[in-house]
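Take a look at these structures.
Here subunit A shows up in two complexes: once beside subunit B, once beside subunit C.
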Partner chain A sequence: MTMTTSSLPSRFAWLDKGFWQTTPGPFRVGAIILIAHVLFAIAGAFWTPYGFAEMGAGLPLSGASLQHPMGLDQIGRDVFSRFMYGAHIVLLLSFAGTVLGMVAGTTLGLLSGYIGGWFDEITQRIVEAMISIPFLALALVMIIAAGPALAGEPVLIVFVVALVYAPRIARIARAAAMEIATREYVAVAELRGEGTWSIVFREILLNAANVLLVEFSLRLSYAPILIGALGFLGFGIRPPTPEWGLMISENRNLLIASPVTVFGPGLGLASLVIGFNLFTDGLSRMLGQRSVAGA
Partner chain B sequence: MSVARLLFSRILFSALTLLLVSILIFLILEALPGDVATRILGRDATAKALEVLRSQLHLNQPALVRYFQWIGDFLRGDLGVSIATGRPIADVLAPRILNTLLLSLLAFAIYLVLALVPAIIQAVNRGKAVDNVISMITLLLLSLPDFLLATMLLFLFAVAVPILPALATISETSTWQETLRAMVLPAVTLAIMMAVYAIRVLRDSLIEVLRSDYVRLAELKGLRPRAVLFRHALPNAIVPALNVTALNLGFLIGGVVIVERVFSYPGFGTLLIDALQLRDIPLIKATVMISAAVYVAANLVADVLAVLLQPRLRTSR
Partner chain C sequence: MKKLIEVRNLNIAYAGPSGWTNVVQDVSFEIARGEAFGLVGESGCGKSTVAYRLLGYGTINSFVQTGEVLFDGVDLLKLGPASLTRLRGNRIALVPQNPTTSLSPGMRVGPQIREMIATHKALPDDTTMERRIVELFALVGLPDVGHRYPHELSGGQQQRVTIAMAVACNPDLLVLDEPTTGLDVTTQRQIIQLLSDLRARIGMAMLYVTHDLALLAQIANRVGVMYAGQLVEVAASDKLLSAPAHPYSRGLIASIPTMDGTDRQTRGLRGVLRRDQMSTGCKFEPRCDFATTACRTTPQALELIADARSVACMRWRDAATQQLPAVVAGPHGRTAARSERLLSVADLSLSYQRPSIVDKFLGRTTHSVVRDIDLELRAGEVVALVGESGSGKSTIARAISGRLPPRSGAITLEDGPLSPALDGRSAEHLRQIQYIFQNPDASLNPRSSIRSILERPLKHFGIPADGKTLETVLESVGLHAGYLDRIPDQLSGGERQRIAIARALLVNPKLLICDEILSALDVSVQARIVELLRSLKEKHDVAMLFISHDLAVVQQLADRVAVLYHGELMQMSETASLLTAPLHPYTEMLLEAAPSLRKDGHVSRPPATPTLKATPGIGCPFAGRCPRQPGSLCADTRPPIQETGSGFVRCHLPIDGLGRHARSPQHMRSPAVEDMRLQSL
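Moving on, here comes the complex of A and B:
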């Protein structure tokens, strides 16, 4: 136990006061972008210039103006209001889906890596099979399989993101667990007679925290794109809820008449992902991990 | 001997993975609790419509029997019949796969240039302004959702500066010039998406290789810098990029779906979306199985190539 506790302070040293000055540039820029997005989303959840589903807020298709910075859509809804209201939906769905995928994937991966043997073999084959199905195809098939009653519900999107992510996270967690399982403090814990769950969640999980934190950040970066792609293809959140991917696809007919109506929400989505990516990049450098974008 | 054995075990594992994929797809689509026919047609469907669909999908038989029937037919090359069109799935799939293959080949050619040139420039000028600027651009492009990138390129080159067609609708009657022109925008979108992942890895591995002893030796021998770069450094630096490309194929197949959708290109991806929208279960099963097979096969090839290109991996087994 002494080993785990003594390694704690050094691992979380960057939480000390004044750590902001020592953080890498990308991390700072990313953090600022993300804070701006969160504040915008909180504001948009409570107040928007017009109602997000209010038709006739102005002349349909009249383009961008001071009252309507992103113009109006085909049925006269103010696109900026929809964009603003959609911000918290995009953030909440991304966060909930990634957290759920993290919990499932980490539990499975750590147990699989630590226990080993047949359990590991079977888990790995299933994980491998799930990763082999291109993630967008897997997501779409699951949405179809859920049936019309659940289609377009936020809860389904959260589950789909989690199910796409869980096997990929499990693979990372397993590799970390296998490496940590060979260390002395795990052997000591085994000698003390600690149970499997206790070792996995008290020794291995804590020591895999850095790897998992970077993985979480990396997955969170991609979640808005995945959710946006589902919306864009017409399999995401049910209209009229203004998810950004859905809005981009709804307004694609206006590309010639009013490009800002399409690229406004697009810019919002891109800047959110840029914020996440910069944040992840800086975080992985601070934690001494290498973040690799990958399936 | 050891290479042959390695190859054999990899092929065996790939086959096992695909078998598991088929079980997973079947479980998700047909064996979830609840009535499959009602899930496909919705709750308002008439009893007669439900009955017709049940007999089309052989839903009256137990799930286990249906699974073995499907996978047995599949392995014998009989992909079944599409519910929506009533045509054999093989006939529906063949032209779409050909179109997507054509698009992928063009995209791959563009990708090679888009990935290699910036990575080489970065590695040769590491730490300088060019290196940082290219890093910044790749990070920005990495953050662009594929559907947004496709829409932006469409806006730039088909609306703002109309030099290319916005819709890539090709048919048997179009000439090869028309086909090629229609394919440029979707192919470039795919190539950029692939390249941004590869550039970072390729840059890092090139820098590492350029620092290695044998590159130093080649330089000391008095070889021209260009010869050192292209003959000694590049072949060794490509292996990690190869693996990343294969791993990211899952992203790419998703990208193909979206890019084909944006440009209305009649390929495999639009077929998958159509099948999903029409709830055409036999067609969905076939398309997803094929896309998984492509992913597994590509990873197998990347594994084997990595072993063949890097003697170190051969002996470590």
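Moving on, here comes the complex of A and C:
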């Protein structure tokens, strides 16, 4: 994203050790959890103990053992291998969806906040209408509207996440843009005769970056839940690709027979969301933002 | 006199990212009962920090290392929260800098004062709460405004309310933190007058914190000059102003623009207060003209040099004897006015409200903020626009720059008419008019480097530039190429304003609109920016529309002055003749209100006929306040424009009468202008 890369060199001082020590506790814990997730996901993408779709890796429903730390499912697939392989899918889908939503929402929100007037009115009414629909219902409607040909495609999931988030992000971006638009450096640019796009991206975007960065990581923390929920309902990634929500759904009737098969992906999702949340909380404190209220 | 409060060796440090910063070092002074002590210095010198300590108040990240603040023999720094609460407001009260943010906006002002009295159970036995509050309002020259909300009062009235609140419990000590900084000259004078008056009546002591020495000349008995957290000179205010001993006090006084006729070569202070560039010896050494090598290593402490006068400088004798460079008299660098007309504004009327379709249909007109402005600027000329806040100075500038399309009237630049709206102006027109804003913090994008801030206009207007261009322009505003890679946050206010000026100059404009560009800066910095503008005017031959409320600055810079009152031009005149013979009653009033460096005993006049209200758009808006108006004629008919030698005056009185006017007898305490505004509420 432009807003992170075009900052000045001094803003990359976070790589040194002294900086790490001054960061708030939640940020550190969150960052460690996230790094662990990323490493695990990278490893899982290249190597797993068994194939993620390999049936008969052991005795079905035999419970946890050293060979199969998360047990085996109904058709004898190693749950840990599936869990490992699924990690990068969750991360990639949430990241891609949120980035897309950020780009769309930020552009719309900043333009709407800066231009104001009728454009703002119309945009905001549409945005409000979209926010008023519960996010899962909105997502399901979109998936159904996309038709069976696209169902289960990762691209669709990315677009659904983006579309659910874009209106929410747009509102935050709009609020920031409205405030920044009153600053005099914007007036200076206007007096120079700069165009709308130039003002929005040169003068406003960078100054809204703090707010947007926090919003980005907040949205990122909710994305796994959304994707998981879609997977659980059977509208997510097409089986047998092991997405965590889908795995919980597949194994939920084994909850009594072999509970470990559900715990694995459940814990994975939970720790990922907690990690993101702590990270966001710390980040917003560091950037001097008030903590952002719920989804 | 008996000591009321004594500060002994106070040291305060603030925690920052790079460890502790010593904000206040070894400050000692005392205030006697009923005395007014002034604390003066540039921003960041620690004066407010000291003032708040007298209330026993410190921010969370500040930390008193050593010292005592003895109030009536009790050390405030050792008191617990409960006993402090009993003292604050009751025996020591604060008048804050900004009344708008200090009064609770959702509460009527009466109950806010009641709170104060009730908390401290300070109601005298023989009166009721209601009566006491009305009494307090009368004390500060307000009618009973208890049922009003803060936003219904003007800035001056709000400050009166906070003063009423502060004196509600008859405190022994009043701490004033720049109480008039945000106010107009005329209002400022009324507040100062009110304060001296209250002091005489109630007999409380005052600590007056300000950056404005001229104000202290009017109100304080003794003045302490602070620099970088240290007191460098303590003296009686008249002594300090007439014969400053410390080089810093000397520089500070030299930086103040005055209007006493002499055109001093202001030899202000060089550099700025930089906490990171302190020598181990005298803190002022890097900026001092008298510094020797010994100064750099020997710390200076306050020493008594005469009766009730101390200085922290080992070379004060040399500094005191060596006079400032000779005074240069007469106008200098004033470009002879040439006939080429650059900008002309004719019949300009402005309004922030756009008339709705219904209004247009019915032929109704809404109130204009600015009416009938005719203004002309010649090439290379500096015209100042002067008036109190709300007079429409900035509104006119907005219209000329194209940010506010006028309701009627025409603006012409050199060859042809300027389009009223920004969208309609050609790039060439946009380039020729450059606007510099009041607040340099807000006019530079905080996320861009100085380089990209300066490069952007060049690229936008397609002006060819090589590597040298930016360096040259930085040099012309007194900075160097090292600034290019910094971001605005790393610059001081004065440096930022220089960058803003450089940005405007880069594109070779014909007209610079300077909108109060000095008011956010320290006196010493102001003096240098004025110097800079003067040299730019000569070198670059650029015309300026200089908006200011400070007549002294205007006098140093402007060729002609336009005086504005409530959106109408009252007078247009050449600077010299305006200051020597003000002619218009309003101009006269403005000139009298500007504080000089001596105690001038100025008393502001009450509005002559507060009941007289001008017919909107027709009568003279100044009618009710004017001390010399001949009667209701002023309010009902349009004042004629009378040509004078160098401009015009808009007044009913004949010019001969205006010129020969003897000063009217000065009135005692005045509830002044604000009553008038109140009655019209």
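General observations
Here is the rule we use: the second predicted complex is superposed on the first by the 276 of 295 C-alpha atoms of A that agree within 3 Å, B and C clash if a C-alpha of one lies under 4 Å from a C-alpha of the other, contacts with A are read in each partner's own complex, and residues count from 1 in each chain.
Throughout what follows, contacts are C-beta pairs under 8 Å (C-beta built on N, C-alpha and C of every residue); 3 or more make two chains touch, one makes a residue touch a chain.
The structure displayed is predicted, hence computed values, not measured ones.
In the superposed model, A:Y185 lies in contact with subunit C only, and not with subunit B.
With both structures placed on the common chain, the touch criterion links A:G193 to subunit C but leaves subunit B unconnected.
In the superposed pair of complexes, A:R238 makes contact with neither subunit B nor subunit C.
When both complexes are overlaid on chain A, the residue A:L140 reaches subunit B alone and has no touch with subunit C. Counted by residues of subunit A touched, the larger count belongs to B, out of subunit B and subunit C. No residue of subunit A lies at the contact with subunit B in one complex and also at the contact with subunit C in the other.
Interface residues of subunit A, counted against subunit C in their complex, comprise 7-8, 183-185, 187-194, 202-203, 206-207, 209.
Looking at the complex, you find that subunit B touches subunit A at residues 13, 16-18, 20-21, 23-25, 28-29, 32, 34, 38-40, 42-43, 139-140, 142-148, 151-152, 154-155, 159, 197, 200-201, 244, 247-251, 253-254, 257-258, 261, 272-273, 276-277, 279, 284, 287-288, 291-292, 295-296.
Per the touch definition, subunit A reaches subunit B in the complex via residues 125-126, 128-138, 140-142, 144-149, 221, 224-225, 228-229, 232-235, 245, 248-249, 252, 255-256, 259, 262-263, 266, 269-270, 273-274, 276-278, 281, 292-295.
Looking at the complex, you find that subunit C touches subunit A at residues 401-403, 422, 425, 427, 430, 433-435, 437, 439, 442-449, 456-457, 460-461, 487, 503.
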